[in-house]
Structure formats: C-alpha cells, structure tokens
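This report concerns only the one structure given below.
Chain IDs A, B, C and D follow the sequence of writing; residue 1 opens each chain.
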Amino acid sequence: MKRAFPILAAVTALLLAYAFYEAIWVAPMERTMGDVQRIFYYHVPSAWTAFLLFFVNLIASVIYLVRRNAKADAVALVTGEVGVVFCTVVLVTGPIWARPVWGIWWTWDIRLTTTLVLWLIYVSYLVLRRFSESSQTPKLAAVLAIFGALDVPLVYFSIWFFRTQHPQPVIGGGGSIDPRMLHVLLLNWLAFSCFALLVSWARYRLEMFKREVEEAEALESLLVAGSGAQISKTQIPLSREPQ
Amino acid sequence: MSSLRSITLATLTKDVRLEWRSKDAINSMLFFSLLVVVIFSFSFDPNAEESRQIAGGLIWVAFLFAAVVALNQTWARELRNQVLDAYRVSPAPANALFMAKVLGNFILVSLLEGLMAPLFMIFYNLRALGPAWQLIPVALLGTWALVVNGTFFAAMSLRTRSREIMLPLLLFPISIPAVQSMVEATRIILTGDGAARFWIVLLLTYDVVFTTACLALFETILQAE
Amino acid sequence: MTESAATIRVTNLIKQFGRFAALRGVTAEFDSGRFHVILGDNGAGKTTLLRALAGLADPTRGEISIFDKNPHEACREIGYMAHPSLLYDEMSGMENLRYFARLYDIAGDARSSEAIRSVGLDPELSRPVGKYSQGMRQRMSLARAILHDPKILLLDEPFSNVDVHSAQEMVGLLKQMRDAGKTIFVVTHQAALLEGAADEFIWMQAGQIVDRTRHLVPDPAGRA
Amino acid sequence: MNPAGSIKFLYAAYIATWLIHGLYIGSLIRRYSRLRERKKDLGK
C-alpha cells in the first residue's frame, strides 16, 4: 500500500502534464471564444471532481452514522476538505472565464449558484468540525452532511425556477461538443481525479497520524496525572472532610 | 404516541411558564426586532413602486435575524443547572423535547412577525397588489422552515465553542432555498406580478423534507456528548 | 462477592474526550443493595464513570450492563443526581417535580410530594428553587433523583457546600434507602462522612479502578 | 471577442488553479511538520 503512493504520484504528475499539453496545444480553438475557452479544461473537470468528492463525503457520513466506523469518519472529513478546495477552484476559474466571454464576472446562473451554495454548505461543515469540542464531533458533522445533501436538490429547483422568470445572459451550453474537445476534457478529468485521490490519500494519512498522536497525548496526560496521585491516595479524601 | 404528545405538551407548557416568569427572551427580542425595522427603514428609502420590489427581501432578512436571536435562547434555559441531563436520563422520547422547542419558537417568532409586519407596511407604505391572503401560508410555512432547522442547529451548536455564532453559520447555508422562496413569493404577491404557487409548493417541500430529517436525527444530536 | 449477585457489570470501559482520556479500561462488577463510594483525585474519572453508568456519556469502547440491559434501556431503574441541581431555578420544587414526573409517565402530585417529604422538605414551599439555600437545593435535587423510585442511585458530590448537619442527615437517608434494597453510588471528596455508612470504597486513579476496600483507611483484613 | 486580449484570462485561470492547490498542499505539509513536533515532545 505504501509503495503505491509514489507510483500514484508519478502517474498523476505525468497525466497532469500530458493533459495540460493537450489542453493548450492540441485541442482545437473554439470559434467564438478563442483561447479563453481552454479554461473549460480546468474548470469543468474540477467541478466534476468536487461533486464526486462531496458525494463520497455523503456516503461516508451515512456509513459512519450506521456503523460508527472511525475510518468512515476520516474519509468524510478528508473528502469534505479536498472537495472544498476543488470547489474553490471552480468558483475562481468560473468568473475568470465569464468576464471575457459574457462581459460580466458573475451571474446567478443555475450551475454557478448551486456550486456556490454547495461550497457554503461544505465550508460550514468544516467550520463545525473545527469548532466542535465534543468527542461526538463526527456524529454532528455526519448529520450536517446529510442535511446539506437534502438541501442541494431544493437549491437546484429554486434557482431553476428563478432563472426561468428572470432574463439571463445566454450561456454557451447545449449543442454538441467537438469530439476532440471531449477527448481533452475527459483526459483532464482523469488527471484531476487522480490528483484528488492523491491529495485525499495524503490528507487521510495525515488525519490518521493526528489521531494516533492525540491518542498518545491523551494517555500520557492521564499517566502524568496518575503518578502524582499514587503518593497521596490515602490522604486526599481525608484532608477534605468537613469540619 | 400518546406519551409523545403529552410530554411535548408538558414541555411546551413548562417553557411558556418559565418564559412568562422571566420574560428575558421576549422583551429583548421585541426591542431587537423594532431596531431592525427602524434601521432597515433608514437604510433604504425607496418610493412605493420600488419598495414593493425589495420589501420581500427586507422583511424576511429582518425576520431571519430576529429569529436567530430567539433560537440562540432556546437551549440556554436547559443548559443552566444542566437540566438537559435530567431529560436525557429520563425515558421521555427525544422528539417530544424537539417538537416542544420547535412549537415554542414557532409561536414566539410568529408573534414577532405579527408585530413587525404591520410596522414594515407602515414605514414602506406597502399594499399588496396580488392576492394578499397568500401571504399567510407563505409566512406560516416560511417561519416553520426557519424555526425547525434553527432549533435543530441550535441544539447541534450546544457542543461547540462560540455557540452563538455557530448557529447562523450552520443555519444560513441550509436555509438559502427557503429564504429565496419566501422572498420571491412575497415579492410576487406584493407586486401582483405572476403567481406565487411554485414558491409555496417549494416551501412546503422544504418543510416536509427537513421536519422529517430533524425528527429522524434529533435523538443522535441530543445524546451526543 | 458472588457472580450471580452482581447486577452492574462494566467491561473494559474506555472514554476519550478528544486529546484527553477520562476512562482507561475500567472493568468491575457491583452487587445490588450495597452502598458504594467512589474516591479519587480530580480527573481520576469518577464523574465520567458515573455519567457512563447513567447513560449520559456513551463510552468510546467497552460495555456497561445494568440488570442485563444497557443504561438507556435501564433508565427507569436509575436515579441520577449531578453536581449542578438539574432543576429549573424559576419554578418551585413541586412544579419541578411535577414536570419530571410527566417525563417518567408516573402520576405526578402524590408521588412528587412524597419524594419531597422523604428528603425532609415541605412540598407546600412556593418559593422558586433558585431562592433556596444550597442545602435545600441539594435535597430537592435528591428528591428529583428518587422521584421515579429507581433501584440504583448515582450521586455526584451530593454533600458539596452543604453544612455538616444536613450532610449527616442526607447520609442517614441514603443508609435507609440502602436498607430498603437500593444500590447506591456516591462520588465524593468528603469520604469521612461515609465511614460506617458505606459498604465499599472504590479507589480510582488515572481513569482506572485501583483498589476496592471495606474501610476508608485500608487494612489487609478488610479487603472487599 | 479579441483572442489576443483574452489569453491573459486563460493564464490567470491556470495560475489560480495551481495556486489554490499549492496553498492547500502547503498547509498539509505545515500541519504534518507540526504534528511531528508534537510527537517528538511526547516522549519527554
């Protein structure tokens, strides 16, 4: 297992480099948008990867609630965090694309808005994990993840309906995509998925290491407290008796 | 089932009685809401036509803030002297406690809205051009949406540091579709521009989905230590 | 101690709070109808053990069996009194108990006034509990714990801030309850009060039970 | 649409992507080294 990590790292680096080359030099130029359309090869695979990670987070959260399995909780934490990183990439590259193409940075388009709300939900998920003091943080976080998942379809519908009522800038969606473009897109998605797996793996090992250290610290704090108590075992209770 | 109802009722009665004796929550909230209305009125000074467009947003954002103040108080009483532990060691169902708290908050927030809404109407010279009666289901469903999740997340943030700030951080992202529905429905009814039916149905769906989720998961939250 | 008499069994109990472990593998059996006192320094895990028995703290690992049930299922048999009063300060003693009686689904008034009288208070007292003296509040808290007539009583620091006279009265009360067949656990710093009343002293240290003795000052002949 | 002018946006997007990933990986490395310190302190 440990041997697999550097291999995966090497494969990911190669894939990312090749996908980058394809995206910049091989993929055909889009007629109306020009070179800026190539942002698409980073933007869309990042979005798919982020959604995939959030989906894994939901599954892991449910497994944790049912089985109380500590590993499932670690997976949920890791996918939530890495998912937020990828989602941030989506939200940053989106406006950079929108500005030259539509002439605006942001629009309350259905995909943009749903992604933004998803990002907000998962940031609040990470805040909860960070601020919760209870030993039951995993339980609370898993419950929040389920609430977030229930929320997403409702967000989607509300924005879908909102959009049909209000005029929106035309977005170059729909229609067919050049098969060569699709090829580059899928290649980039593969590369970014591998990268996400790599980062998640590293983060997972970090989390396991952290838990190990904290458990050792917990034990040590007890032993230190215990060694002091050994001497005073008989005196302490007696010394506090009421007058 | 009968014990669920009777314990819910007993807890609700107890909360109302305690609130009646101390009156901490209601007084501070009334004044807070009044402040929100007045400050909003100073900040936006539109003519009647514009105010119809934005009033839905203003009203609901004001209510949302006022509701957060109320919701943060919900569990404070149960934490003093750790009375919540007495509930947890008893055989009483967790959902009875949850329903009692939700109903209590629902009454409190509805009361506030009943007092604040006329003020908004006066300050902004509002008059509904659409079917005004529809504002009632919108208000009821919208308040329920805020209160049911708010009570749940307030219970969740009991075990966190800086509890008071946690509640809005957890509640607002999840409430986005509900708030949007309330705001849009109110705007449509005030301007008489289209039908609010879709938004009311969406609110109803939101309420059903999250009430079910809360009832299914509250026990887990209550027993988390 | 015979195997069959043990009604409370704790097996390899571990409770970890983040970076701090409060219980570190506690294994023990306790007989019913006896008066146990749990002693130890601050942070030795006494309160956590009591809360785990009450079903308030779910153990990280390990098992608790009370009358062959888990603490949640056995909650009708358990009376729990914590260091804070677990009462609503704004309501009178009777109003408090009436509410808690509803939670246990038992007929309220008669049982509530009986519980209040048994701890030596007057059920007619209409003052809110917040205005009680510390000693009265502790007694009212005990009345709440025995309201549903549980077989097991778990008491956390019941004598703190109580004057000696009241404390001795409470000890007498607990002795009566033990003689009536109840199992009692008391966590306290004032162990001397209980010498003679208690059947067993349980010594905890660093999240483990290190010794169990019949008397406060351990002598080899008196091992439990 | 002017392809020459919009190329800046392409660069910006690619750089931003790797900047975000780089920052995150940097934070992971920092957290890891801090943990190692804590582990070293344990024995003492």
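Worth a mention:
Throughout what follows, contacts are C-beta pairs under 8 Å (C-beta built on N, C-alpha and C of every residue); 3 or more make two chains touch, one makes a residue touch a chain.
Because the structure is predicted, anything quoted here is derived from the model rather than measured.
The minimum number of touch steps linking chain B to chain D comes to 2. Across the assembly, the mean Cα position most removed from that of chain D is the one of C. Averaged C-alpha coordinates give centres for chain A and chain D that are 15 Å from one another.
Rounded to whole angstrom units, the spacing between the C-alpha centres of chain C and chain D is 54. Between the Cα centres of chain A and chain C there is a gap of 46 Å.
Remark: chain A and chain B have CA centroids separated by 30 Å (rounded to whole angstrom). Counting partner chains per residue, chain B has residues 225 touching two or more of them. Across the assembly, chain A contributes 133, 135-136, 217 as residues in contact with two or more other chains.
Here the touching chains pair up as A-B, A-C, A-D, B-C.
Residues 15-21, 24, 39-41, 43-44, 58, 60, 159, 163-164, 167, 188-193, 203, 205-207, 210-211, 216-218 of chain C touch chain A in their complex.
Here chain B touches chain A in the complex through residues 149, 156-157, 159-162, 166, 169-170, 172-174, 176-178, 180-181, 184, 194, 198-199, 202, 205-206, 209-210, 213, 217, 220-221, 224-225, going by the rule given at the top. Those residues of chain C that touch chain B in the complex are listed here as 51, 54-58, 75-76, 78, 80, 82, 84-91, 95, 99-100, 102-105, 128, 144.
The part of chain A that touches chain D in the complex is made up of residues 29, 32-36, 38-39, 42-43, 46, 82, 85, 88-89, 92-93, 96-97, 99-101, 195, 199, 202-203, 206, 209-210, 213, 216-217, 220.
Of all residues in chain A, those touching chain C in their complex are 133, 135-136, 214-215, 217-219, 221-223, 225-226, 228-230, 232-234, 236-238, 240-243.
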